[in-house]
Structure formats: C-alpha cells, structure tokens
Amino acid sequence: MVSMCAALVVTGATALTGCNKDDGAARVGSDGKPIYKIGFQGPLTGESSAIGVNMENGVKLAVKQANARGDLAFHVEYAASDDAGSPDQSPAAAQKLIDDESVVGLVGPAFSGAAKASGRLYSEAGLVSVSHASNPGLPELGFRSFVRSVPNDNAQGGAMVTYFTRQLKTKKVYVVDDKSEYGVGLSKVAEKQLKEAGVEVVKAGVPAKTPDYTAAATAVKHSGADALIYNGLYSDAAPFAKKLKDVGFDKPKIASDGTYDKKFTELAGDAAEGWLLTCQCLDANVDPGTKQFAEDYKTEYKAPPGLYSAESYDATNLIIEQIKALGGGDGGDVRREAVLEKVKKADYKGLTRQFSFKENGEFAGNGIYLSEVKGGRITLKGNVDTLVSAG
Amino acid sequence: MTLLEFRDYLVPGLALGALYSVIAIGYTLVYGVLKLINFAHSEVFMLGGFGALIVLTEVAPGHPSGLVSVLLVLLGLVVSGLVGAGTAFGLEKVAYRPLRKRNAPALIFLISAIGASFFLYNLAGKLFGRDPKAMPALFDNGVLFHVLGAPVDVVKLLLIVAALAMIVGLDLLVRRTKLGSAIRAVAQDPEAAGLMGVDIDRIVSRTFVIGGVLGGIAGFLFGLNSQVSFTMGFIPGITAFAAAVLGGIGNLRGAMLGGMLLGLVETYNVPLFGEEWRYVAAFAVLVLVLMFRPTGILGAKLGRTA
Amino acid sequence: MTTTLAERTAAARPPAPATSDPVLQVSGVTLRFGGLVSLCEVDLTVRRGEIHAVIGPNGAGKTSLFNSLTGAYAPQEGQVLLRTDAGTEHSLLGRKPHHVNRLGVARTFQNIRLFSALTALENVKVAAESGTRSGPLGIMLGLPRAKAEERAAEGTARRLLALVGLDDRAEERADSLSYGDQRRLEIARALATGPRLLLLDEPAAGTNPTEKRELAALIRRINHELGISVLLIEHDMPLVTSVADRVTVLNFGKVIASGPPSEVQRDPAVVEAYLGTSDTDSRQGRTR
Amino acid sequence: MSTLNDTSAVTAVQVAHLPVSTASTASTASTASTASTVSFRPARPSAEALAALRGHRWYERPRWRRLCALTAVGVLLAVMTGEQGSGADLLFSLRTTFTGTALWAWIAAAVALWAIAEFGAVPRRAVASGARAAAAPLARIRPALDSSPRLRVALVVAGLAAAVLLPLLFDRSTNQVLVDWVGIYVLLALGLNVVIGWAGLLDLGFVAFFAIGSYSTAFWSGQLPVKPPFELNPFLSIPVAMVTCLLAGILLGAPTLRLRGDYLAIVTLGFHEIIYLIAKNAESVTGGSLGVFGIPHFSVDLGPLQYRWGLDPLDYLWLLIGLITVLVLLFRKLVRSKIGRTWEAIREDEVAAAAHGVDTVKYKLMAFAIGASTSGVAGAVYASKVGFINPENFPLLYSVLVLAYVIFGGMGSIPGVLLGAALLAYLPHGLKDVVDQKDRFMYLGALLVVMMIYRPQGLLPARRRRRTVRTREAS
C-alpha cells in the first residue's frame, strides 16, 4: 500500500522535475580557455588501493604534462572518484563523475566488479569509460559507453595455456586463483583452454590475504603437477612464491598481469626467480618506449611506475587526443556523446601499444607479453605468439 | 590423503597454531581482567610487525648469516615486543581507561575498540604506504631437519620455539610472580582485589602491556613468515579471537589450546576441503564446540585454570 | 494453564483450609556440584493451601532447594511433583524455569532481582503478560486480541500493586524504590504469573520490624484471599512462627526435622544445628 | 596520622578527576552535567594544592599532565594530517612531518589552548558561559519534546517532509549515496537495533542477512546459476526476502541464542564469514566471485497503477523512505508492547525473567528474526537498485560498521539510530572532498573513539538509557 503511494509520489515528482540532461556547457578557465575534466574511477582506498594509486598517478601525470605542453586550446583537469575497488561503492563513485558536467572522459573503472555495478549509469550518461577491467564477459553486458584499453583475459589465459602446452608440453597443471573476481575469471579461461588441449587440471582457490601459504604450497607439491598458473595480485603471489620455494616446488610457474609488478620481485626476493609473468602491459621501467615516462613518473611521485601506470597514462592521452580532434577550445562540439563516439573509433598510438576498439568496446588487437624474473628483475621474453611459433 | 601427505601439513599447522595462540592470549588476558573484547589487539599485532620491519630495514645487511642472523632476529623480537607493548599501553590509556572510569557498559568499550582499530590501521597505511612490504632477509630459510620425515625450515622452527617460549614464560609469570597473582586476583574479583590493596589501574595497564608484547612479537613472526601490511591484523586477529573463545575466553591455557586447534584445522582443511573453505572450517569447529560446551573447551576463568 | 490471576481472583475462592492434599511433593532430591553435595535426599511436602517454611543455618541448602524446584538447577536424583487442582501431576525436574512457572510455581529471590530500569508497574506487567499469546505480528498490526490482553495485564498489575501497597509508586523505577518496597514488588511480580504455589526466598531479609509485620500480614492475605500455597525460606523465627503452618528444617543439605513450628523449635537436632560450631558453618558456607 | 593521610589521599584522587570531567561535560554540553560543573568548580585549586602536598613531582601534577596530553594530541594531529606515505621509503611521511613546520604549528596551537584553559580565567569563563548559553536552548528541546506529543509529531512530520523533498534539490551523486549507503544502512541499523538495542544480543554478523536478502532477490529474478521454479515480479521479492531472512535468522538463532554475550558475538561473526564464503565459493549456486548481474529494477503492474523503478536514485530513495517510515511505526508499536518490555526485562535480568514465565529463547529468537527480516528488505532493495551484487558487497567490516552506527546514534532509540546511521553512513562520502579520500576511515575511527569517551550513550539516547547512564555516572 505504502509502496503504491510512494510510486504515485514518485511519478508525480519526476514529472515535475523533468530531466536535467547535461547540455555540454563547459566551464571556462581564467584565460578564457574551456576546462575539460578527465575522471578516474578506481580503488584509491582499501585493500587494492596500491593498484588504484598506480593508475591514478598515470592519469594525473598525463593531465599535468598535457597542460604543461601549452599547445592545447583548452585546459585539462583531473577528477578522482574512489570506489575502493568494490562494486558497492561504484555507483556513487560513478555518479559523482557523471554529475560533474565538465567530465567528458573517464579512465576506469579499474576493476570488473565495479565496472559491472556502474556500467548502466555511464551508459545512460553517455560518458565514455576507458577501462582496464579485463573480465571477458564485460562487453556482452551491453554497456554502450564501455571500451577496454587492454586485451581481455581470454587472450591472457589463452597465452598462458599456449605457452605451457606448446612450448613446455606440460601434462598436468595446477591452476590457483585468489578468489577475486579477477582471478576467478582468469582461472576459468585457463581451465577451459587447458582441458581443450587435453591437459589435466587441478584447480584451487586461495583467497587473497591468506595468513599462511604453506599449506597451499604443500598441496601444490603433493598434486604432482608439472606446472603452476597463478591468477592474482602480486601482494598475494609473493608470499605464495616464498612458500612454494620453501616446500621445494621447482616446476615452471606462470602468473597473470596482477602479479606483473616490480614489487613482486621485491617482496618475494629469491623466491620470485624463474617465475614467468604474462601481461597485456609493457613494463614501463624497462621498455625503451616508456623510458622518458618512467623518469617523469619517478620525479613526480618519488617511486617508480607500477602496474598499469603507463597504460593509464596512455588512456588519458587517448582521451585528450580525441578532445583535441573534436576541436576542444576552438568551438568544437566536445560533449560526452561526441567524445564517446570519437573514442570508440579512435586509432591511437600510445607509449605502450596501438589503441583501437571493436564495436562492442572490446580492445582490438592482441599482444600478450611474456616476461621472466631473472636476477631479481622482470625481463621481457617477448610476445607469446612469436615465442611459441619460434620454439 | 595419504599418510605421507598428512605428515607434511603437521609442522605448518603447528606453526600457524602457535602464532594464533600467542595472539589469542592477548585477547584472553584483557578479557580476563576487564571482561571486554579488545578489538584493537589486531592493530597491536600489525604495528609490532611494522616496528620490526622499520628497524630491520635500517640495520639489516644484504645477506646475513650465522651470528648476525641470530642477533637480527633477537633485535626484531625486542623491537616488535616494545612497539606492541607501547601500542597496547597507549590504547588502554586513551581508548579504554576513560570509559572504565565512568563504568561504561561493555558495548561502549567494543565500539571504542573498533574505532581505535580503524584509526590505527588506516594511520599505519597512511604513514607507511598501503602496499605490503617484505621483511628484509634475516637468514637463509632452508630446511633445518626432519621430524618423522617432515621437513622443518627455519621460519617454522622459529615460530614454534618463540611461541612456546612466550607461552611458557607467560604461564610462569601469571602463576609464580606477584604481578601474576595480582592479575589473577583482578580477573577473579576486581572489587575484592581493589579492597585488598591491588592498584587495579596499574594491573590493567600491565596486563595490556603483557598482551601487547606477545601481540607485537607475533606480528614480527607473522611478517617473517609472510609479509607486513597495514591490513594484516584483521584476519589473524579475528581468527585468534575465535581461538580464544574456542578455548574459553579469559582462560590462558584455553587460548593456547584454541589457537593450536584452529591452526591445525585451517591447515588440514587445505588438503581435505580446499583452501577457500579455510574460515568455514575454522568457524564450523567453533560453532560445534560451543554447542556442546557453551563456554569453550576449558571454560572461562582466568583465575581458576591459569 | 494460561488463566491469568485476574480470572483467578475474580473467581474469589474461599480461603483454602490446609488439607492433606499435597500441591508439591519433593522426594529424595539430591543435588551435587562436582564433589560437593548440596542437597541430600530431601523430602518435603507442601499441602494445598498451607504456608510452609523452610529454615536452616546459612548454607544449609535452602536456596539450592528453591533453585532445584524452579528449574534453575538440575538435581541428579529424586522427584519433584506438582499436583494441579484437578489432580494431574507434573514432574518439575528437568523442566526449563519458564515452563515451571507456567505450571503454576512462582518465586522471589533472596538477593532482589527486579528489572531495575523498568517501572514498578512494568515489572509486574512483564510477569502478567508472560503467559499471553499475542505475537509480534498481532501487536504490530494492533489486532484486537493484543489490545485486550494488554488491558487485562494492566488491570492485573495495578490490582496486584494495590494488594502489596505500591499503587502510588507504579510509575517509579524499580531501583528507586526502598528496600522494603522492592521486596513487596517482587512478591507482586511473582503473583502476576498466576501461581498456585509461591516460593518466597527470605522476603523479610533487610526489612525493619514494621515492614516485617506488614509482610506477615501480606503473606497471610495471599494465602487466604488468593488461595495460594506458600513455601517460604526465612531466618526470622518470629515471622516464621507467626505465619507458617508447618516448618521443615534443613542442615548440611539434609532434612533434619519437619512439623508445626512449635514442635520443630523444640527438636534437639534443630537446636544443635543452630548452635553448632562456627567452624561447620563456615565450611558449609562454601557449598552454596 | 595515617588515617588522616588515607582520607586526604582519597579526596585528592577524587578531586584530581574533576577538571577532566568538567572539560568533558562542557564540550558535550549535556543538561545533566552542567549542574555538576557548577557545584564542582571551587574544588579545582585544591587539586593542585593537594597534589603538591602529597609530594607529587611537578610533572605528575594535573596541570602539567594536561599540557603533556594536549601536546601529544597536537603531535598526533600533525602526524594524521601529514604527507601520504610512499611505497619505497617507509619513513617518508614521518620524516616530512617531523622536519616540517606544520608540526610546530600544531604544537603551538595545543600549548596555546592549554595556556588559555589553565591561566586565562577571563576567556575561559567567557567560553564556558557562551557554551552554556548556546547549549541552553538545545538542552530545553528534549524536555519540551518529552512533554509535548504534538511538538513531537510536528517535528517528525517536518523531518519526513524534508527527507522526501530535499533530495529533489540534491545532485544525483548525493542521491546515489543517500540510497546506497544512507538509506540501506539506516534500514540495516533499524534492524540491528532490534537485536542489540532492545533484545541486548551482540550480533557481529548482521550483514550476513543483508547478503541473504540480496541473493534471494537475485534467485527469484532468475539471475543465479540455480533457477527458481518460477520468476517472481521483482517487487514481490521484498516479502520473499523478508521471509527467507526470517527463516535464516531462526535457523542460526535456535542453536546459538543460548550462548552468553561474547560467545554469541563470535558465533554470529563466524556465521557472517560462512555466508560470505559460500557466496564466494559455491560458484554453481551463487555465481561465486563473479557476482550476479542483471537483477531487474522493481516494477509495479496492477492495472491502472503502473510504475517502473529506473536508474534515477530518487525513485529508490523515496521507496526506502516509505519502507523506513512503515518499519519505524511498526517497531515503535512493538517496543512499547509486552514484547518490548519483555526484551528489556531479559536484558536486565535473564534469570528473573525466566522465573516469571518468560521463554527467553523465544523472545531472543523473535528479536533475531525481526532484525534479520529487516535486513532482508534492505537486501532486496539494494539488489534491485544496483542490479549487480557480488560477495564483496558484504564484507565482515560492514557488520562491524552497522554495529558502530547503532551505538553511535544511541542504542535502543529509534531517532538515535536513524540519525546515527544516516550521519555515519554519509560521513565517508561527505568527507570525500574535505580530507584525503584515503584517510576517511582514519578520521571515522578517531571520531568513534572520541564519541565513546565523551558521549557513550549515543547522539540521541533512548529515554530509559539516559536515566541508566546518569545514575551510573553519579554513583
């Protein structure tokens, strides 16, 4: 009864207020140039804040440099919105950016769960979200403003499997994930493809922040598997690697992009030696193309760039490029819808790779890189496909 | 699971159990004297880990061995114990004593403790950075010897030995010293103890400090076995609290027993049901035990059994 | 079983003369705590309509006996039978306290256990309503039965407060009442559950002589006017002799004498128990 | 001589506490304690004098101890507001703080505050009388409300009108927060208040029922891997979620409610963890870590009356306000009935309650079930509003948070719980632009501690509890 009343009230009130859509009125700076904002949504607090901060710093650096170059007819500003990496904070975080009408493009959401919880809102607002979330199912959910700036996990999981089956000829693989949405998604891909290749699979979930990895490592050792796949973040991969070394598991080990971070080698020390790492990303610290970026980043934040810092930097520049192309500051039509259209059709050469997108927002192109930890550093072995065909 | 496999989980299980025991004692001690759950004990543990981490990062050379290793470990133990003690002392002084003075109900303590816990771990995250840190290498973690064929490495041995030493030391302290009998007196009947001339404030404060030493050292040991981060207190804290309840909260030996039991249950759960059910196994055991023994395995009195 | 006191008092039964018809029969009850024997083969019969006193030195097991009768303790051996007016028998041992109460046994406590933050009226109402049947849904929806039950309970509570002389204190918090008033409030609260047997645990402890006289009168009224049998623990011998029809003496958890007050007082075993050495007293003190 | 010494020691101890208590009462400005401030004031000089007489060294005397304490607070604040730490250099933040100037500003502020409080009699008096004057009208509100039901009704109606109409003026992101956090958590706090505030059961796993409600809604909308026998109209999922949670509450409560307070706390905490892990691990049933996507919005389809809830948070906000209003009315009735009285009796003395025919387990179970079904409602609304749930929506931390909200507002008091939950749930979002986002929970924690020290009874304590706290403090 009451809910019916509520419903009536609601209908009435919506009719009264109408809908106040943004009509692209950009704010203007003191020098008369318009101001456009690039938003970032990701975990700035909570468990995964380290990754969020990596990305945020990349975005901030790109914004800062874009303004500093002085060749733009507009100002770029940065707008942060923290979702703590969790879906429940995501709608509010997204809405905050959507409500700020000068935000015309977004880097993020960083995580798949958060992307799912806020995708409907961004789609409604027509605000393009250039996301690093790599869960394969995302483009199928029908978010029209979602584009992915990295190859999805099908590609990555596939690359791991290809390398194991074709290069190392493994018979039995132990697949471990951290029970996060990210890890589980990757493990599913890997399991499916391994089984298709006729390889025996043992699957296990070891929740992130497990206080002691010894038991899990012992289980790996007893399984008799001749290779291990770990899908999770470096912060959990490191103690796991230590315990694997302690129990004496010396078979090939491969880990996903969540582990691809210099901190993995710092945390795990000797135990990281010999681990293989796949990533859609290039290591900004070693790649020649990102050398300048890495130096700037270090000066700015007193720390080397981390996972996805460079990709976020690229994604930000991608959006700025499109604003420029739309004629931002020269009376061009820089509304969200226009930016969305432009980004979806973009073909942009960033520091890390070439960016272009399929119709459903999926990243077009491939390129999973394989690296190895050698002498305490992550060294690039090369593109998985080329490695396998060469071997 | 073959017998061979069964064997290999024993040492890790005992080591984890020893760690839980030491943390659980911190909960149980405070519960014994104040009848309140010191929810912020997990942050004492966390800060103990950070204390040792900071000092050791400053002093540890690249690849120490031999006597240097031993000294470094001792240094870590001392520093983490001191930091833990200091944190617990401050915690009592700021978050609990004012409440005690006005005779606040237990729930108020709980919320104050939760607030203190939030404050401390987020402050640590802010000050020291929010990504995990590894303890500097203090020794080469190789297998030392085998027990019935099961390998025992340095970290696990250190965990078990240090925990046992602390437990035995604490048991002696509580049973043999004047401070110990004062603690027991306060645990049994604070009013009567007060009338007999025991300075309750001082005893409560010292109880916190003792629990803090244990908690801080546990943080260091935990960090050695895995790594240090600002959120590292939460899970071991909850588990150790469960262990204290399992054994009978307020009961020292109960806390040790409960800790050991949960450590073994969690470890053996891995080959039996899979790692992802770790806490389900732990809590299922807890609920089952409490159904049949509503005050835990050994019952709930610090004064009586310790 | 769910008849409220209101209905029972409304029936206004004539004062029940003490008959040989037992309302409570305790036989061979033994209660141990670990190695300590708190009650040892206690036999006791309360006849319908009588006031029966249990006396004994401190630690003789009187309160343990009450706790055993009301379901708070579970004696290892023996039998406790409650006989209703209709003659059906209920065994009380092993029943939950609230169940024992529903069968018609109410009690007060030696160390007053009122609901201290509730008003006097609310204290009595809680007891009066414990047997009523309306559930949360009925109450939240304001069904007529819930309202009627609430009104009935309010009426009973006010009547009982008047009976014990607290009607002008109804809205005061229980812990703000004087000690004597608290004792009487406990009695009113116990009566509100509509018992056929009332257990009073040292109701006169800590009261002054005037209050004691009033209390004796109150106990007699409860017994005569409401027709409720009373089992009474009391140290105050004048009070016991003035109200009790019969007395049972406990010492070291054993019944050492039983009979009318005048007889029991002359019993040599009783005299010895009361003049016994302080040594035995203190030793027994611990069993409680 | 020794007797005299003893008594003076006692007085010294008592007196020594006074300045602290006056400080606290002045800051909370509560009515009850203003009176005590006045009567205790003349005792203060003698605290110093007595401390001197008893041979305390200078730094042990109250005045200097207060200086130390204030300076420590200053340093702490400097550390709290300092630089964010860096991943590479552990001591970066501390080093910058202790070599920077902000530290000295904080310390100077602390010392100045101390000096004014200790020596500046004039400004102190001015502040005190100003605070009293400011607090006087506030202090009169409560008695006025207590005595006049009409005023109370007017206030409630005004509050309700504000809650319904004000969101029209807010931007959508505020309204998102108002739904996702404030509305939902007010509902949860209301439910938990029944369990903890009224029945006195320490439940540390309350959000588990929120999860069960959400997943039940997902189930009946056919989005889980396990399919329902038939799909329900999304709106019907509210009562269904309620019943599901009710049953879950009874299932959990029946075997465990005999446990004493702290044991119950850990068992409920464990229950939460188990529900969370089942949601996470039982992939074939719950969808596991990937969560459930595509839970439809509510819709009403009754002939002429048709409405579909959509992406606009306002719709859900009004729905929540409606639900909260109904629940408040029902709960009010409940707590003033025999059930409320019986809960209170059980809280006061469980043994006595049982001895008077109260089936204590039944009543506790009732509280548990009512609380659980309330959070079932919240779960259903949440799942439908966001359309996506996954286990990370229900971490253990949230159970603890809801508990903090209830106690912060005032256990057992409906207005208190509404206000407390609304304020605290909004705070982290309100603070977003004020303090560094990463530090929000640090400030929240500090606020909780300070609150518990100076106003443990909560913002708007229940009437009866106000009396209890007062008598306790007096004794």
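Which chain is which? They are A, B, C and D, in the order written, and residues in each are numbered from 1.
Just so we're on the same page, a residue touches a chain if its C-beta (ideal position, glycine included) is under 8 Å from a C-beta of that chain, and two chains touch if they have at least 3 such contacts.
Not measured: the values here are computed from a predicted model.
Visitor: Which is the least count of steps on a path of touching chains running from chain B to chain D?
Guide: Minimum step count, chain B to chain D: 1.
Visitor: Relative to chain A, which chain has the most distant C-alpha mean position?
Guide: C
Visitor: Name the chain pair with more contacting C-beta pairs, choosing from C-D and A-D.
Guide: A-D
Visitor: Based only on mean CA positions, could you tell me how far chain A sits from chain C in angstrom?
Guide: So the centroids are 73 Å from each other.
Visitor: Taking each chain's centre as its mean C-alpha position, how far apart are chain C and chain D in Å?
Guide: 42
Visitor: Suppose each chain is reduced to the average of its Cα coordinates; what separation in Å results between chain A and chain B?
Guide: Distance between chain centres: 37 Å.
Visitor: Among all residues of chain D, which ones touch two or more of the remaining chains?
Guide: 86-88, 280-281, 438, 441, in rising order.
Visitor: Multi-chain contacts in chain A: which residues touch at least two other chains?
Guide: 49-50, 179, 205, 207, 263
Visitor: Hey, what residues on chain B touch two or more of the other chains?
Guide: 125, 130-131, 133, 276
Visitor: Could you please write down every pair of chains that are in touch?
Guide: A-B, A-D, B-D, C-D
Visitor: Would you mind writing out the residues of chain B in touch with chain D in their complex?
Guide: 31, 37, 53-54, 57, 94-95, 98-99, 101-112, 114-120, 122-123, 125-131, 133, 238, 241-242, 245, 249, 276-277, 279-280, 282-284, 286-287, 290-291, 294-296
Visitor: Enumerate the contact residues on chain D facing chain B in the complex.
Guide: Contacts found on chain D: 17, 20, 79-80, 82, 84-88, 90-91, 93-94, 196, 202, 255-256, 258-263, 265-267, 269-271, 273-274, 277-278, 280-281, 396, 400, 403-404, 407-408, 411, 438-439, 441-442, 444-449, 451-453, 456, 472-473, 475.
Visitor: Which residues of chain D touch chain A in their complex?
Guide: 86-89, 92, 164, 168, 171-173, 175-177, 180-181, 235, 280-281, 283, 288-291, 293-294, 300, 302, 305, 307, 309, 311-315, 318-319, 321-323, 325-326, 386-390, 392-393, 395, 429, 432, 437-438, 440-441
Visitor: Please output the residues of chain D touching chain C within their complex, sorted ascending.
Guide: Answer in residue numbers: 330-331, 333-334, 337-339, 341-342, 344-345, 348-349, 351-360, 366, 370, 464-465, 467-468, 471.
Visitor: Considering only the defined contacts, which chain A positions touch chain D in the complex?
Guide: Interface residues on the chain A side: 2-11, 13-14, 17, 44-45, 49-50, 80, 82, 86-89, 91-92, 95-96, 98-99, 113, 116-117, 120-121, 124, 135, 137, 141, 179-181, 183-185, 205, 207, 263, 301-304, 306.
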